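Going in written order, the chains are labelled A, B, C and D, and every chain counts its residues from 1.
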Amino acid sequence: MNESSSWWKTGAPLGVAFAAGGAALVWAAMWYAPTERTMGDVQRIFYMHVPAAMNGALAFLVAAVAGIGYLVRRSERWDRVGRTAVELGTLWATIVLVTGPIWARSAWGAWWTWEPRLTTTLIAWLIFLGAILVRRIAGDPEQAARLASVIAIIGALDLPIVYKSVDWWRGNHPIVFGKGGGGLAPEMRTAFLVGALAVTLTHVVLFRLRYRLAQAEDRIVAAERLADEREGLR
Amino acid sequence: MSTLGWMFWGYLAGIVLVAGYVAWIGARLSALERRQRRIDSELGADR
Amino acid sequence: MREPTGRRIRRVTDPLPALRLEGVSRRFGPVTALADIDLSVATGEAVLLLGHNGAGKSTLLRLAAGLVRPTAGRVTIGRAGGREVPSAARARIGYLGHRTFLHEHLTARENLELYASLYGRRDAAALAERWLARVGLERAAERVIRGFSRGMMQRLALARALIHDPQVLLLDEPASGLDPEGRRRLVEIVGEAHAAGGTLLVVSHDPALGLEIARRVVVLRRGRIVTDDRADSRSTADWALAAGGVAR
Amino acid sequence: MRAWRQVVAILVADARREARTGEALMPMLVFALVVLVVSGFAFDLPALLADQRRRLVPGILWIAIAFAMLVGQARHLLADRDEDRASGLLCAPIDRTLLFGVKWLEGILLGIALQVVLIPLAVVFFDLDLGGAWLGLAAILLACTAALSALGTLLGSVVARLGRGEALLAILVLPAAAPVLIAGVKTTAVLLAGEPLASAAPWPAVALGTAVIYAAVGALLFESVLME
């Protein structure tokens, strides 16, 4: 058994992927893309912010699907996918919630607006933090998986409702891109695609890494149980 | 702060968060692997 | 019994199994509680389930009672079965677990009436009256059970589990906490239910209790059936040893 | 009909327990009352004009209701952990969807009991003039309570399974309850301004819609929470 090398076996391609993706993202965002006229350089946050938001939404969708998958199939694999996706979704949402206000503060002079996308992201973050919390509190792994699945499903289901409610409540304030935002210059679009690719690649790599951790967690529980049995403790 | 300065903080925050998460996974993974090896060796000695 | 005539007789007399587990496994996350259990209990049969702590006895009973879903396999009660115990089949089961399932702020009578109604019985009041007498709690009937002793609680729990006249009795350590008189009534009540055609699956640390009734003994170890034999094939002491012996 | 007899039996047993202990309703009432009183001086209500007061009161009212519901449902659902009575219900031949329905209904009943006391108190404390708005107010209270109770029943069962209380329930319920609370506050504000329920659109529909969706999803997922 050569367990000590396994971390590096994953680590090497991981490092290469991160370096390549990061370099491409930074190059595209910092040099390739032109400076936006009204907001200035801060608009370059866009090339990380929006891909992170898209990947966060993707992770939450995966978490909900994994939750349904687990409740139907009761397989540990679905549970590991759910565990991984909930954490990654929370990570991406955190990045969105940190970079967003920085951008907003510079561009519009306010850290936060109660705009549907922002509010929904914050609520998604809170709900999935709840799922992580439930998992930590639950005693046995089966209960943890089952209850966290329920929270993830409720969360994913709730988000469109939250979005629509906040939209009716506050209205769709700052339209930067998309309809009414004037669209993107061709170079900006290319830079955005590079950013999306780099962030998605990071997502895939992180997913595999976290999934490996989930496997290791499950193995340990089984191994400790077996050790207890050998000792006659069970 | 210049718009460039704000952008810098934004990217730094994003990169630190991802790097921190990777470091956390790495730490957990190697701790678990150490524990696994200890259990394996204990079981081996028991046999 | 392989002879054609014998087979024909079997087909006629051998009743439908009251409880059947086919390839049943149950894992709690990465931990396996039951592994590939095949167990068939004939109608009217009485089976004692032995095994040391964590062998999977209680999980097996909870699974048969419809409280735990199997990870794989089928559970069949009478004719109805599947991955899960169907609602109608649960009506045929009387389950007594580690906990009493009783409401401590209700009286003994209210508790029994509640459970009789939950099982759809129209005659809840009369049933409660009869069972209070059978377990010897008539005089405590109108008391809120919060102040009951452990033995009284267990008697009431027994009445609760059997009040709907179940065909399949799943009893998990039914004598725990019972005083000698309570234990006597337990054996009497369970014996009567058995004599009336009831099927029994009893978990007990104390083989002596189970062997008063059971004709067949199943021993579980680490979630697997390791022994399935006639009760009179071994002495009580040997069964205790078989159940508690630690595998090395 | 068996299902009917089962529902009545559970309702009677839980009502008896609640009548003998007051373990859910008492903390709910006291908690809501405390929120009202504290809000009175936290927002310095007496110093405000009637018009400004009317803008604050809906929020205060819904904070009081939402948190009191959390307290009450956490207590109520946690009680079924004693002696593992939740398993007693699961053993019985009751449809699990029906079981969710009963607990949902009990949550709504607790909410109504709370509001019957709380609303008159708020009228007195905050010098409100309900006028002809009380019917509309009752309707929006019922719809939002139904939605909150559905979330509280499902997630409260999660919390009860974990042996935790109100704090975790608040963390789980309130984010998902955001649309319900917005709908409740918006509609109440419109009603207190003396306008008809219809002019609060789309909020009454949002409240009703969320109630239906959460109840449906709760009924669907309830078994997964309860069954090991």
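The definition used in the following text is that a residue touches a chain if its C-beta (ideal position, glycine included) is under 8 Å from a C-beta of that chain, and two chains touch if they have at least 3 such contacts.
The structure presented is a predicted model; accordingly, all values stated were derived computationally and were not measured.
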More contacts between chains, A-C or C-D
C-D
Central chain (by mean CA position):
D
In angstrom, rounded to a whole number, how far apart do the mean CA points of chain B and chain D lie?
42
Distance between the CA centroids of chain A and chain C (whole Å) is 48
Here the gap between chain A and chain B, centre to centre from mean Cα coordinates and rounded to Å, is 16
Touching at least two other chains at once: which residues of chain A meet that condition?
142-143, 219
Expected list for chain D, residues touching two or more other chains, is 228
Among the chains present, which pairs are found to touch?
A-B, A-C, A-D, C-D
Spell out the part of chain A that touches chain B in their complex, as residue ranges.
1, 3-4, 6-7, 11, 14, 18, 22, 26, 29, 39-45, 48-49, 52, 91, 94-95, 98-99, 102-103, 105-107, 202, 206, 209-210, 212-213, 216-217, 219-220, 223-224, 226-227, 230-231
Note which residues of chain A are touching chain C in the complex, please.
74, 76, 79, 140-145, 218-219, 221-222, 225, 229, 232, 234
Which residues, counting only chain C, touch chain A once they are in their complex?
27-31, 53-54, 69, 71, 222, 246, 248
Going by the contact rule at the top, pick out the chain D residues touching chain A in the complex.
151, 154-155, 158, 161-162, 164, 168, 171-172, 175-176, 178-179, 182-183, 186, 202-203, 206, 209-210, 213, 217, 221, 224-225, 228
Counting only contacts in the complex, chain D reaches chain C at residues 2, 5-6, 8-10, 12-13, 16-17, 20-21, 82-85, 87-95, 227-228
